[in-house]
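Worksheet for the structure shown next.
The letters A, B, C, D and E name the chains in turn, as written, and every chain counts its residues from 1.
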Amino acid sequence: MKIMRVVKTLVSTNRIDTMGHRPLLVVQEKEGSAPSVAVDAVGCVPGDWVICVGSSAARDAAGAKDYPSDLTIVGIIDHWAP
Amino acid sequence: MKIMRVVKTLVSTNRIDTMGHRPLLVVQEKEGSAPSVAVDAVGCVPGDWVICVGSSAARDAAGAKDYPSDLTIVGIIDHWAP
Amino acid sequence: MKIMRVVKTLVSTNRIDTMGHRPLLVVQEKEGSAPSVAVDAVGCVPGDWVICVGSSAARDAAGAKDYPSDLTIVGIIDHWAP
Amino acid sequence: MKIMRVVKTLVSTNRIDTMGHRPLLVVQEKEGSAPSVAVDAVGCVPGDWVICVGSSAARDAAGAKDYPSDLTIVGIIDHWAP
Amino acid sequence: MKIMRVVKTLVSTNRIDTMGHRPLLVVQEKEGSAPSVAVDAVGCVPGDWVICVGSSAARDAAGAKDYPSDLTIVGIIDHWAP
């Protein structure tokens, strides 16, 4: 899993039906690195340092075997000093 | 998921049957970065900033469990300033 | 999917049985980049620019769910100017 | 699989239920490289050099097909001089 | 698949049961690049140039659907001049 910081929410009105209404968040490994999009499964806010799971595990973690995610936030880190 | 920009459509006359007639698009993370090919599941046009899902999730997102995709466009981002 | 160029065929006499007699090709993203090995599912020749699918989709694309491939050529690009 | 060194344990009080109480460890390939988070399936301590498996294999290795891991420690290396 | 060179065998006494007694080998893409660990499914020796398969295909290639591998050697290359 990767350690990433939540930057902000992402709005995508035109998306496939199977994504449902799960919140999508922009995350990045560190200031200046390429942003990724993660599905939020724990309820976090911008600034949180979180654990993101990828690969096929991201789908179950997002709540269903056929959920179209390859990056899902599965935990908020209690204390993290990057 | 990755945030990518749609560059153009890609024509491949000689391809395997299971790809069907789904549109294939050239996408890239930013100007000058290596281009990738994504299957379009939402209907987007060149210039759009989109959400691309990879891993095994790309297959279901493309419409069928056995669709041969490892990168599928699942949403168009409403506003994105890279 | 990645856009790659076919360099040459690869001979591996000692290989696991499940690979069968499918042709293996050396491919690379551009001159000088690290070579990869892909299973040919469309019938291409050195010099062709092709679409390569990875992840679990590479297995089905190679013809069977248990085929041991993580990179399979699924289409030849009609025109490509890198 | 990757060869990584265990740095320390990671505490995440707010995490999804399916992660259970498995220990989460911060690991890295070498001093200064980006840290990752791995699920410990063998019982190791900070300073150990370990074998980490990724992809879908990380899930079974963590103990269950639906465990949300994409990086699991599957062995401690007896002697390793990086 | 990747083209890698076998460096040496790796000993891990403390490992999870499902790994069994399959030989683990240290492999690398070229002199000086980061070493990886691969499961040997063909019987190779240090110095061999081999084809390594990753992703979920590495599991079947290692002999069983639930074998915890994400990198398995599936063939020895007859002639390779890097």
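Convention: a contact is a pair of C-beta atoms (placed from the backbone, for glycine too) under 8 Å apart; a residue touches a chain by one contact, two chains touch by 3 or more.
Bear in mind that the values here come from a model prediction, so they are computed numbers and not experimental data.
J.: Find out how few touching-chain steps suffice to connect chain B with chain C.
T.: 1
J.: Between chain A and chain D, what is the gap in Å from one C-alpha centre to the other?
T.: Each chain's C-alpha centroid was found; their separation is 20 Å.
J.: Roughly how far is chain C from chain D, centre to centre by C-alpha average, rounded to an integer in Å?
T.: Centre separation, chain C to chain D: 32 Å.
J.: Touching at least two other chains at once: which residues of chain A meet that condition?
T.: Residues 54-56, 58 of chain A touch two or more partner chains.
J.: Could you draw the chains as nodes, link the ones that touch, and say if you get a line, ring, star, complete or other?
T.: Graph shape, chains as nodes and touching pairs as edges: a ring.
J.: Under a traversal of the ring that begins at chain D and continues to chain E, how are the chains ordered?
T.: D, E, C, B, A
J.: Quick one: in the complex, what on chain B touches chain C?
T.: Listed in rising order, the residues are 10-16, 18-19, 24, 26, 34-38, 54-56, 58-59, 66-71.
J.: Within the complex, which stretch of chain E touches chain C?
T.: Going through chain E, the ones touching chain C are 1-3, 29, 41-43, 51, 53-58, 60-61, 72, 74-79.
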